[in-house]
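Across the two complexes that follow, chain A remains constant while its partner is chain B and subsequently chain C.
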Partner chain A sequence: MTTSKDNRKHWARDLKVTLWTLILPPTIWAVHFMFCYLWVAVTCAKSPTPGTALNGFPLATLIATIVALLGIVAAGYIARVQSQTPGDPAPHDEGTAIDRLRFLALSTRLLAGLSFVAVIFTALPVIVFGDCR
Partner chain B sequence: MTTESTPYVAPDQNDPAVRKGQEDRLREVWKPPSGWFFRWTDVNNNRIGVWYTLTAFGFMLFAGVLALIMRTQLAVPNNDLVTANTFNQLFTLHGSMMMFLFAVPMFEAVSIILLPQLLGARDLPFPRLSGFGYWSFLIGGVFVSGSIFFDAAPDGGWFMYPPLTTRTDLSGLGADIWMLGLSFIEVSSVAAAVELIVGVLKCRPPGMRLNLMPLYAWYILVVAVMILFAFPPLIAGDVLFEMERLLNWPFFNAEKGGDPLLWQHLFWIFGHPEVYIVFLPSIALFAMLIPTFAQRHLLGYPWIVLAAVGTAFLSFGLWVHHMFTTGLPKISLAFFAAASEAVAIPTGVQIFVFIATLWAGNVKKSTPLLYASGSLAVFVIGGLTGVMVAVAPFDWQAHDTYFIVAHLHYVLIGGTLLPLFAGLYYYWPLVTGKKLSDRLGRIAFWIMFVGMNLTFFPMHLSGLLGMPRRVFTYPEELGIGGLNLASTAGSYLFALGVLIVCIDLALSPRRPKAPRNPWNAGTLEWLALPDDEDWGIRSVPLIESRYPIWDQKNFVQKVDEGRFFLPDAEEMRRESIITTVLDARPLQVIRLGTPSVKPMMTAVALAGVFILTTYHLYLLSALSGIATLACVLWWLWTGTAEIPEKPTKHIGHGIEVPLYTSGPSAPGWWAMFITMMADATAFSGLVFGYFFFWTIHTNFPPTGAGLDGPGVFWPMVALALTLTGWAATVGAREVHRRGNVAAGRALLVVGIVTTLSSLFAGLAGPWVSGMDPELHVYPAIVWTLAIWTAVHAAIGVIMQTYTLARSLAGKMTPVYDADLRNITVYHHFLALTGIVTFCTIGLFPGVA
Partner chain C sequence: MRKVKFLPVAMCLPILAACNRHQSTLAPFGEEADKVRSIAIVLVVGSVILAAGLALLMRHAMRAPEGRLTHKGGMKLVLWLGGIGPSILLLGLLLYALPAMRPIPVADTDLRIGVEGEQFWWRVRYAPPGGPLVESANELRLPVGRTVELSLRGTDVIHSFWVPGLAGKMDMIPGRTNRLIVRATKAGTYRGVCAEFCGLGHALMAFDVVAMEPAAFERWLAAQARPATPTASPGARLFASYGCSGCHSVRGIGPVAKIGPDLTHFGSRATLAAGVLPMTHANIAGFVRDPGKTKPGVRMPAFPQMSAAEADQIASYLQGLK
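== the complex of A and B ==
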């Protein structure tokens, strides 16, 4: 059963969904991860002493993390709306266009959740470590 | 879709005579070749897959025997059954074979058997490529594993760390055999990955949208993509490694500016995803057999997709956890420790999905399910110790001890080997039409389960007590004799279990045939008849459910009576349906490769390149290279992009589709695109090397005689020529498509000339500057990038010339232009390679 709220038109439902949009949230995780790792790896490898401070890195990580999380939340929000597209009966595992959309959207939404957690995991070490030791 | 002048009359599938005629034609078309030699030229997936599986199983038994010899040596302290040198060869070959010759090829082998069946396809899109992959695997595998009989096996550990392995005074021929033999097998792995990705994306039956795809296919898609990104960095590492061993280019030699850690990075960027590459396909077998024995749909289908895709991504952020003790900054270690903990989430999700499905279902006890549940228990123990060693301070204590040996064997036996035995008992009736013995299977399971735990559980303790890995013996005073004796006893028990499975397999030919679909499964592969036909599937069904045999009315009967699509082979050709990626709408009927000696000959010629190089027979190796090229061109010229005798074909139910497509809807275009993704990944491994050396040196690039860089001029000339060659190729495609064949040919000639010139201009930079690659790592890496790009330019020229020749020979027209479209994809990647190489070697020194 669909309610009138579900039936409202929503801009997010007009966006195209493909295998590429499915991997958007984990791709954001990967970019964020590479950014943090490469910054540290290059700074520390280029520095003559292990105690070199990672100046500017905590702030940059904070900004990068917020940007990454916003991107993941946006992808997750769109996926959430799409995964509730009305039209077909539950449990939404039939071979219809709507069920295919709901499936890809739900998978994207789940990946957004995982990527959200993983980005926070990546950012945590910055709280503990401030230099190249 | 139907537009025709003369009305098409569909065959009457109610008429038994019509059906008989169709079956006779299909049987004739799919008849395997015969004769003592020509039977081996078969390319049908059901035969190649079985050969592949048996070969990988054989290598597994061989590597298992090596392990038994090791365990016998370690049974008591100060044992002298084998020498230290032999022991080194034993553990190196055991690890390398289990990984490269068993775990990965076994996944490919099983997928080659199962995937077409799961997707209701007659075969995979490139059957001859499967054949080529198999023969490459067989030759490379025999070469690597046979080396131990000549006391020449690799002995540097399965990860081959330099400088032990790159210094020719410390390691002999074994290191070359490892590098070149396994590089050859990596080529066949990438070939299989291309085949499987295109298979999953483009060869699904009509109606099988992404959300109806069997979960096995989802896992295969994910794993094959992982192979594309994981294997090429190792291939890049192999290139650098062999350049150092054969030519003395000092990539990993610290005295000349190199760094052994670069190898560790490249190896583990491959090596950690590899663990998931072998784990996910095995767990994928559970996703097929658990619904069958729970007699219900799998719960949480999107959660499995989350688990597979999530694991695939996170697994690329774990590699440094193998390098926790190399002295990297603690904060770097922490990033990888964090990702290592995060990957436990998706891994755990799929296990809970399986448990939930069994819980919600009506479980039928069976031998495959026994193996599946047992392996989950073993895997969870290995996973938990994995979470322990992902914590860096714990790893510093446990690194390189038997604790790690215990951890990795719990993961690999629980996550790969026992699931494969579950799959063996489940799918044996599919392949042979006969069930294996439930009684023997259960006995074998319990013996293996006890043996496995008895072998590896004590290793946790011996490791924590201080027993290091890779030692050929240990002193009595260490107090680990009892634990080791227990491990040895367990290993023989485990081997006994494997022996019972082998006996069960050997008894199979004497057993009666089982009924069709003996487990009452719901997925497409169980349409197979006990007396299998070679045509794969009688008619390609319209799919409306994830479990069509359970859910779709009269499904099996309709398939068997040819009431779905493509029930005939009117033109006596092997055919299958190509569909769209997301929604599986029919796009094309593809004509498949028939049995041929060409894939085998190509594999033999390519094997010559790798094997002869191992023995420094460079001239013969070059001749083998030319023979390989000749075989490939012959294969392509005679077997691909054939212009069909009519533009379209009826596949039934009023649907008429083309027999030829080009560009992004064609499987060949996808294969080129996917292959080039792998190639670009290998290239990025080399570029990573350049910048890695920049980070570790305070003055990079260095200056001095033989060290001065290639300058700006020649790299920029080369870049301009590369881009001109690219533009000419793209232009050729466009004008040719619009019907101007002459202009298309002229632009191809321009492309050939400029791309060939870019090859020489690219090499002119380091050549004119007199860069000496043996002197220092900087000239070595510049030369490597320049040569890589030059080789790719040469291949680009061959492709342009080939396409021009196809056009002149009338095998390519503005409508039938797959060749030109496919080589344009290559030239996009070549342009990208040129931009990165020439900007890096030409411009980066100015800003560094």
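== the complex of A and C ==
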């Protein structure tokens, strides 16, 4: 059953949907993870003592986390709108462009949810521990 | 039928054998172990509540009249109990558990103790700030309420330092120093073990941990720093003639040797052979003659040519090293 709201035209439905947009949220998660991991690894490898504080690191992580979350939320929002595109009427004899859009959008939406939680889980330990110990 | 009913209970009984106050994470005497126990209690109680909630939900679903449950309602349940709920719960647990992982702050004025794992015993070096280095073995003493930094190393293979009641385990790796910062909170005698398989005698590589009031600890450390009193007993002569002093130091008497455990105050320890045997005359005499009988794979050689009387005299000498 579709509502009149679902039938409305929306700019997000006109965006091109490919496998690349599908992997956008996990890519943001991976980049965020690499940023946190590499910064800590390099800073601590250079540090003479394990108790050395990571100067400016919690703030940098916080900013990177907010940027990553905004990107994931944006991808998730577009995917949500796209996944609510009304399906083709019967008969359903073959896959159509709308089927493809709805499938990719739903997958992107679920991946965005997973990536959102994962980015927060990655950032928390980095923000809580301010040094190399 | 009755027997079958009690079978699960009977099967759980062996688990109770692990209950003791000397070597248990559930009987903490250190800050870190205390936090770990609190987290474990929260997790266990939380799991029971979660399981009970799910059982009630299943009961409700199975007994609901036909047509009462809708597909939409079911999908909502999956979303909340399968996605959003667990994410929030895990986030809460992460926020709760993370502070427990933060190391205890340590200052330059805190006591440092170096512990080296060797096959199959522990070399312990106390480095009090401004004081002399004091070497001991197979026993770790800690002042209650004070922060202590343990520098952990392996000298031959990888060992793992674990005092369950004090803190989490930490590997002892040759060529690398790992640091473990601890703070004992309750005086008493506890037990630590090697938690990484390190050879034939691995299971027999333990040690006593004595948490003492700070004043008593200072007195003990001052006594340990003093050399042994020279004696002309037959045991002392036999100790030298059998070449024991080639491996074991007795400060103030023999040469400095670093191969085996320091025996300067051997008689004041509670256990023998790295926490394996009680410190009795018979045990010392037996271990001196044939250490491999007690501890397979031990590097100390056997002395089959040593008579029982000679072993007794060496045991008496060692027991006198207080």
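Note that in this section the second predicted complex is superposed on the first by the 124 of 133 C-alpha atoms of A that agree within 3 Å, B and C clash if a C-alpha of one lies under 4 Å from a C-alpha of the other, contacts with A are read in each partner's own complex, and residues count from 1 in each chain.
In this text, a contact is a pair of C-beta atoms (placed from the backbone, for glycine too) under 8 Å apart; a residue touches a chain by one contact, two chains touch by 3 or more.
Keep in mind that what you see is a predicted model, and the values were worked out from it rather than measured.
Peer 1: Once the shared chain is lined up, is A:D93 touching chain B (first), chain C (second), both, or neither of them?
Peer 2: In the superposition, A:D93 touches chain B alone.
Peer 1: Of chain B and chain C, which one contacts the greater number of residues in chain A?
Peer 2: Of chain B and chain C, B contacts more residues of chain A.
Peer 1: With the two structures laid over each other on chain A, which partner does A:F129 touch: chain B (first), chain C (second), both, or neither?
Peer 2: So A:F129 meets both chain B and chain C here.
Peer 1: Once the structures are superposed on A, label A:V42 by its partner contacts, choosing first (chain B), second (chain C), both or neither.
Peer 2: First partner only, chain B.
Peer 1: Between chain B and chain C, whom does A:L104 touch in the aligned arrangement: first, second, both, or neither?
Peer 2: A:L104: touches chain B, not chain C.
Peer 1: For A:Y77, using the defined touch cut-off, is the partner it touches chain B, chain C, both, or neither? Pick first, second, both or neither.
Peer 2: neither
Peer 1: Which of the two partners, first being chain B and second being chain C, lies in contact with A:F121: first, second, both, or neither?
Peer 2: In the superposition, A:F121 contacts both chain B and chain C.
Peer 1: Which residues form the common part of the chain A surface touched by chain B and by chain C?
Peer 2: Looking at chain A, the two contact sets intersect at 50, 117, 121, 124-125, 128-129, 133.
Peer 1: Which chain B residues qualify as touching chain A in the complex?
Peer 2: 207-212, 297, 301-303, 305-306, 309-310, 313-314, 316-317, 328-332, 334-335, 337-339, 341-342, 345-346, 543-546, 581-583, 695-696, 698
Peer 1: Note which residues of chain A are touching chain B in the complex, please.
Peer 2: The touching residues are 18-19, 22-23, 26-27, 29-30, 33, 36-37, 40-42, 44-46, 48, 50, 54, 93-95, 97, 99-100, 102-104, 106-107, 110-111, 114-115, 117-118, 121-122, 124-126, 128-129, 131-133.
Peer 1: Spell out the residues on chain A that touch chain C in their complex, using ranges where they run on.
Peer 2: 50-51, 113, 117, 120-121, 124-125, 128-129, 133
Peer 1: Would you mind writing out the residues of chain C in touch with chain A in their complex?
Peer 2: The contact residues of chain C facing chain A are 83, 87, 90-91, 94-95, 98-99, 101-103, 105-106, 179.
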